Amino acid sequence: SSKATGGDGSGEAGAGGVKTGDGVTDKTIPIGALTDRTGVYATLGKSVTQAQQLYVKQTNAAGGICGRKLSLTVRDHGYDPQKAVAAYTELEPKVLGFAQFIGSPFVASVDQRIRSDKALVIPQAWSADLLGNPYVRVIGSTYDLETINAIDFLMKEKGLKKGDKLGHVYFEGDYGENAVAGSRHMAKKSGLTVVEQKIKPTDNDMSAQVVALKKAGVKAVVISAGPRQAASLVGVAAASGLEVPVIGNNSAYAPQLLATQAGPALEKMYYVSTPSLPIGGDAEGPRKLAKDYAKAYPKDALDNGVVAGWTATDAFAQALKRACKAKDLTREGVGKALLTMDDYDSGFGAQTFSDPDAPTSTESVIIRPDKGAKGGSSVVREAGTAEEAKDFTPGKD
Amino acid sequence: MGGAALAVRDLVAGYGPVSALRDVSIDVPEGSVVTVLGGNGAGKSTLLRAISRTLSFHGGAVTGGTMTLGGRPFDGRRADRAVAAGVSQVPEGRQVFARMTVEDNLRAGALGASGPRTAKAAALRRVHELFPVLAERSRQQAGLLSGGEQQMLAVGRALMASPRLLLLDEPSLGLAPLMAARIGDTIREINGQGTSVLLVEQNAALALRLATHAYVLEVGEVTLAGPAAELAASDEVRRRYLGVVDETAADDASRATEARPVLSRWEDSR
Amino acid sequence: MTTFAELLLNGVSLGSVYALIALGFVVIFKATEVVNFAHASLLLAGGYVTAVLHDDIGFWPALLVGVAGAALVGAAIEFLVMRRYRGRDHSVLAIVTIGVDILLVTELTRRIGTDVLAVGDPWGDAVLTIGSVTIAQTRVAALIAAGLLITAFLLVFRHTSWGVAMRAAAESAETAALMGVRLGRVSLGAWAVAGGLAAVAALFLTVFPTPGLERSTSLAAMKAFPAAILGGLDSTTGALVGGLTVGITESLATGYQSDLTFLGRGLGDLAPYLVMIVILLVRPAGLFGTKELARV
Amino acid sequence: MSDTSGTTVVAGEGTPPAKTVRAVRPPGPRLYLWIAGCVLLLALPFYLDRFWLQAGLFAMAAGIGAIGINMLTGSTGQLSMGHAFFLAVGAYGYCAFAGDGGDGLTGLGLPTVVAAVLAVALAGLAGGLFSPIAGRLRGAYLGIATLALIFIGQHVLFNAHDLTGGFNGRDVPPLNVLGFSFDDSELVIAAVPFGSAEKLWYAGLVLLAGCAFFARGVLRGRPGRAMNVIRDHRIAAGVMGVPVARYRAAVFVLSSMYAGLAGVLLALVFQRTVPDYFGMVLSLEYLAMIVIGGLGSVAGAVIGAAFVSLLPQVLTRYSDALPLVAESGTGGVAPGEAARYLYGAAVVAVVLFLPGGLIRLVTRRGTPSKHPQKPTPGTPGPSGEER
Amino acid sequence: MTAVPALEVRGLTVRFAGLTALDAVDFTVAPGTVHAVIGPNGAGKSTCFNVLSGVYRAASGSVRLGTDELTGLPPHSIAGLGVARTFQNLALPPTATVADSLLLGRHRLTRAGFVAAGLRLPSAVREERRHRERVREIAEFVGLKDELDRPAGSLPYGAQKLAELARALCMEPELLLLDEPVAGMTADERRRTAAVIAGVRDSLGISIVLVEHDMGVVMRLADTVTVLDFGRRIADGTPAAVQNDPAVVRAYLGEDAEEAS
């Protein structure tokens, strides 16, 4: 039988005396990407995937890593658990690791297998539930931390104070519920009352929510939902006289919104808490990426998904480079190399990989929609970590 | 409105592998009543469906022969064309629109008619006159009518189109004797106004009384044809379609029972 | 109290949009007895055409073209797909519409990509203030449009032969053909009309309070299911009443979710279905639907 | 023999719900075909890699669920769009019964086989609770009413955190039959490492075969005849002595139990249950399965299940090689999109051009006219009455 | 031979919105006789059957079969008491084979449930075999033996009517309700069907209630006749007496009734 066990080549020394295995040959380093191009996270999936493809292209053009070319195999699961698990099953034996995996429930569903397969997975989901598996590494702060930092911003700069009511509109699911954990923590620490409004990704009209928040008398609102919901919320709030600052998580904003009716209101009262510098930033990294991406994909918008995709691939590549130095391109080798990365910065913010149980950063940047800026946003508060976030262990609220 | 002559020549039709009509030729002269007799499965309904172009709905098709209506070729392919040409049919088994009201059923009957509004109103009045119960029940769902009432509705509906050629498939099915006689009168009256009628009817006595010409169809072929009175006098037709006289019926019944295996009672063996 | 009034008004306005979507379902069901799962893609198609064109030719012409375009798509579905089916089973046709929906939604979302397209409507984010209660002008427009269209269809169905032909064709194709009904035309017409209605509904789904048309806009079509059913699948009045019921239920369940936490949060989507179940238990054919016949 | 195997994927025989009296066949080429098919199915785990085995297992689970929904929708004429709910009840029920509470979620820690049986029973119970509605409604109304189950299900799955684990779902304890564990602990047979997929493959085959066998018996026997007449003529059914509402409810329960079993098997394959899976799309897929395979037929359900659950996976796997696929960034068709187009087109094409379902390709029996020569007048016929 | 119970209908009244379909109707069917119910269209004959078989609820009145009260029972319970019927408009699933339709008639006499049928328990297999045998006998009796394997929908109308009759016989009824059994048949076929009905009465000794517009058949078969008009009983008696009743002639037969049959 073809499946009969024999030497599978793992751990053998290959070209340049580098230990290889897990699909890595003398010519290529295969990396997987489990994305969503046709489901609910298609917007994110497209940006992330294209950024990653761009990265791989550029890296290979510059000679590759460790004398080998990177090859990115993309599978679109359309946010369908069955397809996602199938795609993981298909790619896992062929790739060294995954630079992309969208949908934290799906990552969770193969959690056990990732532990035994030992392949590095970088999910494009920032839920604290993903922490704790040494092979699943979330890059940037998790939603709860992001939310804590956001509320910290509201309190420090937008007049939210102890005893106030804070509205929180959030998606059902990993993202929203993890974010709410952050505001609950903040409420406890800072004496706020959280007025929760749970919604579904299919809800596009936030009128009823605004009425409810108005009734509760909130002084500020956090939104952990999609860009549409944020735009609707801000638009309705502005129109119906609920004039309070609104802040969203990273995923709750897309520059495309500026062209819609809600544009002016967004510019006036909306802020976003994000783990990385916006792609429109002035620093060199963002500027170059923005230029290259716009050149490669002239039709597509620059959004934070591009940053996320780029950063993930870059972190993976850095780990590969270190593993190459240690002459071990196996999964274990990459895993070990990753743990040594405590000073990594892709140009979008510093990350520390040395603690496998923690997110690589606790910092958030606060940005605001800005029609004038490239990428549609500009920074209002530089990267920083709220006091309350420091004694907070993500996922252990 | 006036009638139209129908001439069917060498019609061949069937349902997939099942052949139902073989070389059937039939003439319905302008302004006449022609009846087709035949046992179950003889192909009478198939003939009418072939004329009204509804065979395809039963998985059947015409595979040969020609038809003319009023002298012009009548080989249009769709049922609505046939209706537009003035052919209207009372389908076998009533087929009222069960969930629509009686009123709407009648309106549906007038859909294919091209006449002015007033003509339709007049048609409706006539139908109501003919079948007062339809006026009484105009807001009732047709499916809730009694069997005979549905039959009246089916006939009334066909009359709404003021056709030139009326095809009737067992119009007296399930009607009380009095009402069957009234249908007979109606057919005569419509015909009197010029409409040609092709009548398929199990009540052969009634049919032969109404018709000028008659055909007997057996297993897909015309076996007898001629003036209605002549056929009514023939032994074959008398025995098979008109029924024997009452006195022998009882014998007949008892003879038949003797002839067939008697059904024993079911004794549950448990 | 004003909160309640505001939620109620909000529900009514939201419900009018659902009613428009439900009306599209109802038209196709009335004419063909098919539950149309492709309605979502018709919505998206209508909205897309309007959104893409408004910059160049202005809002009203764009809307007109959008309505026509969606009607064309609807007609094309009927002509290219539905008409080709030779069997009689309506549930099979419902499955076909699922396939069609997959095709169309994939194509449209590919075109829309990651964009959020504004439709350039004249109402903007203006609101109408009645006492202490505010309502978006777009929603007032939706309410008026839904009211007008539904009344219009009610009259058309009742007083023109088209309505009779449609119901006749739905009940029995053969007998309808015997009445001279042109079956192809009737169902083509129904699909085209449903398409046009979807485009109008899409307009109101993509204007203020929502930011614009984007790939998931079509998901709102799901809300029209309980609306159409609880009103009665073959009733235009039912579509209106059903739409409003769903809108109000959703709005109240959302607005008072803090008081209903024992049921879990996020009841807004579930509540209309619960109301629907209760209504169906009492009236198995919906509020205005034609009752099942029970005679032999 | 032909009756005992449910591996109808290779079945050469039609499964008319209505049994025709048939002479005993002499063992012919058909028998050898059967044997070859069975041997092939048994040998596959030695050759296929995990991806294909897993895909096959998904198909088997879908087959079980589809058989169940086909009994309900195809044979009894009761449309259900809420089947995903019962799959969820089965999957989560199994986890809750078998789980040991180690992950902080409610778990009774029962032996896994007992848990599986109880999960199936629980799904049946859930179906039974719905019977006031299942017994009263018909057609599209019932279909959309059952849609409510999906929304209720999703709501519970996301909110009853202690039981379901919320959005992230919960781990599925591996099946353990008399000490033999269907987990990833490796067992080597003929030099082939047997992981969970390989082991479950056989469990899946046995379950599917058993389910198909049972369903065939039901459909060809007394209950099947009663179900068909309920579909075709409800009032006549009552007059013939069939308690219509009770039967409808019973079939609903039975098909829920099939769905529950499918859910258990799916859970075992997934190794973790997540709520997103049990949504409306899944329900619609099950409907598509039976329509594509052939309404009312057991073999049709299995074939349809294989088609619907394998096609997207195959298309995704080979998406890069599909026609029309363009380079990323050119605005052309992405591989995933191409796969969706093909899937949608396949659904439309199969239904349009094979109105009786894929089963028609397999069976060559004469097609009885679908059209009543004399449709029952007055009372709406089969199509009118049931929708 | 267990005694067949008598059927007693007393004061039966059925109302639909704004319409009294049956108005205090009384009649008695003596055991083992053929009792005809005739009347104009819409007189309430089928409605009466619908009440007897449990499809409709009566507003008031009672229907007793022996000691059992039928009003208020659901259709399947009434079937369980041995009441079988045919339908004025065919109610035969068109795609099922004749054999299956007849076996369905055996539903009340068989036991196999889901589990027994699914697992093919020996009891179920045995039961199936026994009842198929009986179905064959009955098919032979009505003359459908050769059509058993055909889908019912492909049979000519007359044969389908016979199949319905056979299906009712398969229920081994004690009371058989026939709603226009010979409608749509030629004279020849009518005669044959009438013979079958007479054969049923003679060989099984069960009671038969017959609704029919064909006066020839009614006269031949009926022992007693009840005439309804607008839901009221207008006459009751022997066929000969009823046929000459002026009220019946006026309301139902018309002056030239002889010719019509």
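In order of appearance the chains are A, B, C, D and E, and numbering begins at 1 in each one.
Here is the rule we use: contacts are C-beta pairs under 8 Å (C-beta built on N, C-alpha and C of every residue); 3 or more make two chains touch, one makes a residue touch a chain.
Worth saying up front: this structure is predicted, and the values here are computed from it rather than measured.
Considering every other chain in turn, the ones in contact with both chain A and chain E prove to be C, D. More contacting C-beta pairs link the chains of C-D than the other of the two pairs C-E and C-D.
Averaging Cα atoms per chain gives one point for each, and the point farthest from that of chain E is the centre of A. Computed from the mean C-alpha positions, the centre of chain B lies at a distance of 26 Å from the centre of chain E. Centre-to-centre separation between chain A and chain B, using Cα means, comes to 75 Å.
With each centre defined as the average position of its C-alpha atoms, the distance from chain B to chain C rounds to 43 Å. Put simply, the C-alpha centre of chain B and that of chain D have 48 angstrom between them. Multi-chain contact residues of chain B (touching two or more other chains): 57-58, 92-95, 98-99, 143-145, 147.
Those residues of chain A in touch with two or more other chains are numbered 38, 172, 299-300.
With touch defined as above, residues shared between interfaces to two or more other chains in chain E number as follows: 46, 55, 87-91, 154-157.
Of all the residues in chain C, the ones that touch chain B in their complex are 161, 164-165, 167-168, 171-183, 290, 293, 295. The residues of chain E lying in touch with chain C in their complex are 46, 50, 55-56, 87-89, 91.
Contact residues on chain D toward chain C in their complex (touch as defined above): 73, 79, 132-133, 136-138, 140-141, 143-145, 147-148, 151-152, 155-156, 158-160, 235-236, 239, 280, 284, 287-288, 291-292, 295, 333-334, 337, 340-341, 343-348, 351-352, 355-356, 370-371, 378-380, 383-384, 387. Against chain A, in their complex, chain D makes its touches with residues 46-51, 54-55, 58, 158, 166-169, 171, 184, 188, 190-193, 270-277, 281, 309, 312-313, 316-317, 319, 328-329, 331, 334-337, 339-340.
Every residue of chain E that touches chain D in the complex is listed here, in rising order: 53-55, 74-76, 78-80, 84-85, 87-97, 99-100, 103-108, 110, 112-114, 116-120, 124, 128, 132, 148-151, 153-157, 160, 167, 171.
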